[in-house]
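Each chain carries a letter (A, B, C, D and E) given by its place in the written order, and its residues are counted from 1.
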Amino acid sequence: MPQNAPVLDVRDLTTIFHTRTGEVHAVNGVSFDLRRGELLGVVGESGSGKSVTMMSLIGLLPTPPAEIRHGTVTFEGRDLLRMDDAGLRRIRGDRIGFVFQDPMTSLNPVFPVGHQIAEPLRKHMRLNRRQARDRAVELLELVGIPDAARRLGDYPHQFSGGMRQRVMIAIALACDPDVLIADEPTTALDVTIQAQILELVKDLREKLGMAIVWITHDLGVIAGIADRVMVMYGGQIVEHAAVREMFARPRHPYTRALLKTVPSVRGRREPRLTVIEGQPPILTAAPDACPFRDRCAYRFDACDRRNPPRFDVGPGHDAACFWDFDADAPRGRVAAHA
Amino acid sequence: MLTFALRRILISIPTLLVISLAIFLLLELAPGDPMSQVPLTVPDEVKQRMREALGMGEPIPVRYGKWLLQFFWVEPLNLIDHWFGTTFAAGEQRILSWQTRSPVMEIVAQRMPQTLWVVGMSYVVGVLIALPIGIYSAYRQYSVFDQAGTFVSMIGYSVPPFFSGVLVIVIFSIQLQWFPSVYDTTHVVDSWDSFVVQLRQMIMPVMVLALQTTAQISRFMRASMLDNLGQDYVRTARAKGMSEAVVVLRHVLRNSMIPVVTVIALGVPGIFGGAIITEQVFKVNGIGQLLITAIQGADLPMVQTLTFIFAVLIVGFNLLADILYGLLDPRIRYD
Amino acid sequence: QETGERGRNGQLNIFYWQAPSTLNPYLSGGTKEVEAASLVLEPLVRFSETGELVPWLVDEIPTVENGGVSDDLTSITWTLSEGVTWSDGTPLTAEDAVFTWQYCTDPEGGCAQASYFDGVENVEAVDDRTIKVTFSGPKPFPYTAFVGSESPIIQKAQFQDCLGAKAPECTEANFNPIGTGPYVVDEFRPNDVISYSANENFREEGKPAFASVNFKGGGDAAAAARAVLETGEYDYAWNLQLAPEILTNMEAAGLGTVVAAYGTSVERIEVNQTDPDPSLGDARSTTEHPHPFLTDPRVVQALSKAIDRQLLVDIGYGAAGQPTCNILPAPEIYASTANDDCLTYDPEGAKALLEEAGWTDTDGDGIRDKDGRKLSVLYQTSTNAVRQDVQAIIKQEWEDIGVETELRNIDGSVFFGGDPSSPDTFQKFYADLEMYTNNFSGVDPESYMASWKCSEIPGPDSQWQGQNIPRFCSEEYDALVDKLSQTVELEQRGEIVKQLNDMLVQGGALIPLIHRGNPAAHAKTLGGVKMSDWDSELWNIKDWYRIQ
Amino acid sequence: MTDRPDHTDDVPVAGNEATPVPFNPVGAAQSQRLIEAPRSQLRDVWDQFKTHKGALFGAGFFVFILLAVLLGPLLWPLEPTFIDIRARNSGPSLTHPFGTDQLGRDILARMIAGGRTSLAVGLTAMALALFLGTLIGVLSGYFRRLDGILMRLTDLFLALPLLPLLLVMMLLFRDSLRAAIGPETGIFLLVVLGIGVTSWMPTARIVRGDVLALKEREFVLAARSIGTPARRMITRHILPNVLSPVMVSATLGIANAIITESALSFLGLGFPSDYPTWGSLLRDGTDYLQSYPERVIFPGAAISLTVLAVNYMGDGLRDALDPRIRGR
Amino acid sequence: MLDAGTGREPLVRVRDLKMHFPIHSGLLRRRTGAVKAVDGVTFDISQGETLGLVGESGCGKSTCGRAILRLYDITGGSVTIAGRDVAHAGPNELRRMRPTMQMVFQDPQASLNPRMTVARIIAEPLDEHTRLSRAEKTARVHDLMDRVGLNRAFANRYPHEFSGGQRQRIGIARALALNPRFIVCDEPIAALDVSIQAQVVNLLEELQDSLGLTYLFISHDLSMVRHIADRVAVMYLGKIAELSPRDDLYADPLHPYTRALLSAVPEPDPEAAAASSRTILTGDVPSPANPPKGCNFCTRCPSVMDICRRIDPDFREVAPGRHVACHLYDTTQDGRPTAAPIPTRQGETP
């Protein structure tokens, strides 16, 4: 696993939405980095802010209603959040590729897929029509669509879900981006198709060596392909570790509960599934206490007073919890990670 | 796609037949009498003979059949004769107006140019204005422009043309003396100057009618744009680094136009008959005015024919709209 | 300028807001058709604006004195002027007149102007230029056939295949009749526009002054008035029945003038002398049941006195109307003055008359009654903005004198439609009072006055055809009408007609309201307009010219 | 290797049966909020509706017009037909706030009377069109057997040229109806029937589309699995859920009917001329446009503002009734 | 309990169930074919058992579940529930049978009428099938709400005021209202967040224990099916590929499709994931309107043989309680399989 300088460095990203009923604090001080060639998995339940975080990075959120309160996103030495639209547009699709969850609706139904793949090529790489076409064929072949040249002229509805998702990936890869952000790219697909896509991504990563952020709520997917994992809860990163470390030694009660609730096809069959009772937090204000405390069995007075910072709990492993699982006691005065 | 189109065409045939029957029967019920113009002093038996001469004595099915034959066979033949100088239709009984006793179709043909010039042009103008307004209103939803656009288009929708028409006449013809208040249907455009004259006499009716068209089409356009602006593929396009202009004017617009184009096509038949009031106000004696005088004069063959022409147009443009929809939307095209 | 070469004044724009549907006046009785045709087709004699006969295609008007009319009044002989040609260059001959008579009297033809040939036994061409019309009996006023715009002469050559049942089918001829008039038809668009151009073969040198005429139809009266008076786009507009203040305002723009021609049109209230009570069923409004109170002339007089005619004029007619108390206000020699006291609005007098007739308000509800019967009338007319205004005013005035009034208005096409099965025609008269305008064409009132004879009363047995709408019946009146038909001397005829008029008005059959003019507007630059209500308004269009 | 790392085994997890639910202040507050009296659907709609300024203005104005027209005669007792010749053609004043017409009739009174007719026509025609549209839409959407024929019928009506037919109908039946039930009611019925019968089709189509979609919704399937018969299925599950497009059509319908009536009035095929409607007042007023502009301004503004108000109301309703928007 | 063939009459008997949706096309909209959504499905479910039904999207799971409850008019085959023929019952008879069989739906949001309160939703089956007084009904509704763990105070709220898990509880309460014996759970957890799925599954299990319910549990989540089902049927393109007791199936899948499916499920354990060798299927599921000739699966099968492209394999019992439709298990005369199945075992049962 190549471990070099980060291509993307996110610090203290905070995004809120202005809605009719008030503000929604969707992302609260998220910090992480992404290194060249690695695959960073992001998990968390629905509404935990995974998508908003990633879309904030490259200005894909409509403003208003969204507002990026503060934070920096350093990419190639520049802060994306302070870049003008034109600059962002030059980066989007060229340096940073995006794959979205639903392949059924993410492609424009009225343009042939060839056109949709060629668009970024012509804009960013200034290819002419022919070159763009040739490159599109190449890309389709790369993502494993048979008979690629002929299918360029087909429309999205003529492709199956899995193939459409491959087309989406081809579009994201078109300009050889440094970073690929995949927002739940396989959630809408069947397991066998998902397996195909996962295999494809593994393959491509080896071939192209780009950095990937992979958002999902399926721990199994993460276990299969990620190098590092971030767990998000209530708009924050509550735990972050290398993948094996995370599964072996989860150090946040939420992560631990999450790992417990998921039954396995092969492991031991529990007589009863464990559940995480309660509701996800309502993000109407900036958190001033631990967002998980209402559902947490380890809760104690500190949890209500302060939002726990991310404590280092091991090499490359941090967790935002006042409970020290190694000591099985509340954490003393330990230096916060961030 | 081809079977789809064919199927639609096949369906429209019985539809047209039923419509023609409905129109025919409805009008047969009318108390209209070709003799209503004939003075009271003419004796009854003479009137009776005159009625029979017009084919009124025969039973309804026979007359319906004859009318259909005339409409679908004799009149088209006449048209061919007219174009190519042939004589296929010589001697065939044509549909005659009771009022003028001349072939209905000839009068219709006479009225067509002004209707097309004025009402057709207003439709084109209206649509051309409406589209950008709709697009921009949707793109800047709830902006001042959008609110103003909404307000103006609703006003446009709610002001009856007999009022707005007279208003513009008073302003532009009487006060400012810019444009003529009476449309000259005999005006022939054959030079630049005469074209300017034509433009000047068209401007006011076109303005009044276009206001309504604009009001409606811009609403449709806005709604359709709004629908599409929220779609996932828009986000994809942005994520590819496309500029806003490309995102909105290529990706979103193309999709939004699909329903709008069909709405536009469906509005076309209205051109031929829907502008009755505006025609009246500006003295553009077009198809609408023809219909209203025919109704007032109890000229049943004229009313029947016009109504049925409208029906044919509506069915035809419905068909066109369906087919356009198919052509524009690949999901249907390849069905 | 008044004289000069033919066609010197360019185009003449005429606006008839009801557009003509044909140019054959024999196939349509409508004014608009007759007048549009009058630019092309001409009669032998026209009526001037004062109602005098003007020789048109003849040099001299035949009279008993000059021998043109036979002494026994049974025939009249016309001599065509020399050198009159049709617009196609062929000469006008007596045969054309004979043909015209045949054309209109063909029993299959449904000629709209057949009444002009009533009593005509024969028309013959004595020679090329001599036409002899023979009547079945003595005709004191023989100037009917071929006189006035409603019986012009049509070309035999053009119409000879169009006799009888075929008449309506000769579209080409009906739309483009060949005439002797100042203009020829270039294009006829039914219900839209007619383009005429000057007749190159017109008999008078230097006429017409206009090279072409654009005869536009469509829109409404207000639009027509506007086009002449306010925007100046048109030179002449017809039939401007608009509220007087609207016209006055438009006239203020200074581009045109409103003119009115007076003929014999009188807006009147006809008083039903029979009982229209619905409970009578089929016997409604028939002579079997006299009206319970409107047969009392005092009641009718009271109603008449209680109407402020000047107000009606001010509101509804303006320059195009004058208060009148006569059913026959013109021509001068026939106009009576015996009833003029009704010109003053006199509600007190009306009340007194009603008291005298025994109608008092016994129960204090504001409505007079007598013998348990309320003085309550149903007052109907056709639908028309001015008429409804008039109705509303009269209603209020009558209610002031204690007469309850219910208003009804019926669409004109039904009201005047003459459909025997409709209960709403003016002939059926299923109301106490009804209001409309009537007149007679030409200048001789004989047949007009004869319409109030007992024999003219409409009823179920006559298919409700008949001219005596108020169902007025008086032997004395009938005798006087018969006397009129025997009288030749003009003075005497005038006296008789005045007597007839007074009998009708004083007998309570009619309440004359307004002597209506026919309002039109013409541009100030248009010269030579002499509006006549006796003939086509455009009767002298050959003399029109542009004032430079 | 398939076993979980054993130190995770003893993780106590909240809510696991044995574990008591921990102290939970925020949760309690939250449930406190949730327990308050159930909010009705109507309240929700109203709350949402309130946030739409245009809609609020529209509804306010519409209610105002309705009240003015219904209660106006009590507050402004002048007869619309009373002629005061001396006061004719007077401009707005205290005695005649909207001025008088050429016969001295009070325009305010005529506006009130006219508004009553216009609104009555608008509301009844709309109600009729909605009734027909909803009925046909629901029937054809719900019963597959009826679908074909009913949709053909709808197509047929859509293919009929409406304004001409409306005109013809007016001409045909006006007199017989007038004779049967009097001029005003006769024409009223005819106008209402004419407009209603010629404008139900869009509603029917929308409703059918919605019903077809609803039929596939799982709650309808759920009701079917319970054994709910068709009749109750429609009244209980289908109709309440097609309410929102129907309401929106309703607002458009009112506007449409008012305008159509005024057009008929203009062409002389509407109500008798002495029977004021906004349309006929406007038409009569246009002749006086230059000298007495208020005569067109008042009825014109009444028509436009009502239509505008109703349209805005429709916009607001559409938003308020759309759960996707309301849910936010 | 594992097998229907243990002598006891099964509660649900499905025999050769077929559900074809007609396709109309062409000029005259003639019937030109059919989507064979369910094409000959046979199984039994005994009293108190849970049969899991798994398969990829569009393979006909929901259709199968709905056809069993006669929510569709089926094309062929028979369905007997509690000894009564459901497939051919008349409308009235069917209505009387409804209380015994109920359904829980996939999308808790969509399966509740947004315009009805919880109490009305739960009471609807009572309105239709019982003559309880108003008070009795309320009592019953409250009882049901207690049973599924909903606060009684919520009775007058509308569905949108609940969370996904709570909504699904409402749906379950409705299904329970008439004391059914058999419940079809059509992907009841697919629309829920992972952390809530467990709540609903636990509830279903508890109810089964306390009420002796029988479930047909439809899901595409193989791990959840493993947790809840006693026996599992794997569907592919309208047919059952394999039907086995749960442990056997997960430990030793017979059908190549089952094997591929199991191997495609991502294992939430990085060690295992790294170690496993996956069978990745190529291509997509063919359209049910146009299934391949021979075996349905032949287009994607890693062990495809010649015969598979020609002959549709029978669905047969190859081992006690284990049914499979695959030519790999075709027996020769002596009753032995022609080819030895090579089960790739990726996990072991503890």
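Going forward, contacts are C-beta pairs under 8 Å (C-beta built on N, C-alpha and C of every residue); 3 or more make two chains touch, one makes a residue touch a chain.
What you see is a predicted model; the values in this text were computed from it and never measured.
Note on connectivity: the fewest chain-to-chain touch steps from chain A to chain C number 2.
Between chain A and chain B, the least number of touch steps comes to 1. Chains touching both chain B and chain E: A, D. Interface comparison, A-E against D-E: more C-beta pairs in contact at A-E.
The distance from the centre of chain A to the centre of chain D, with each centre set as the mean of the Cα atoms, comes to 47 Å. Chain D has its Cα centroid 51 Å from the Cα centroid of chain C. In this assembly, the C-alpha centroid of chain B lies 40 Å from the C-alpha centroid of chain C. If each chain is reduced to the centroid of its CA atoms, chain B and chain D end up 27 Å from each other.
Shown for chain A are the residues that touch two or more other chains, namely 247, 257, 259, 264, 266-268, 272, 274-277, 279.
Contacts with at least two other chains are made by residues 2-3, 15, 175, 286, 290 of chain D.
For chain D in complex with chain C, the residues that touch the partner chain are 81-83, 85, 88-89, 102-103, 105, 174-175, 179, 183, 268, 272-274, 284, 286-288, 290-291. Those residues of chain B that touch chain C in the complex are listed here as 31, 33, 35-44, 46-47, 49-50, 53, 96-97, 99-103, 107, 110-111, 169, 173-174, 177, 180-182, 184-186, 280-285, 289-290, 293, 296-298. Within the complex, the chain B residues that touch chain A are 231-233, 235-244, 246, 251, 254-255, 258, 328-331, 334.
Against chain B, in their complex, chain A makes its touches with residues 58, 60, 85, 88-94, 97-98, 100, 102, 105-111, 119-120, 123-124, 155, 157-158, 168, 171-172.
By the touch criterion stated above, chain D contacts chain B in their complex at residues 54, 152, 155-156, 158-161, 163-165, 167-169, 171-172, 175, 255, 259, 262-263, 266-267, 279, 282-283, 286, 289-290, 296, 300, 303-304, 306-308, 311-312, 315.
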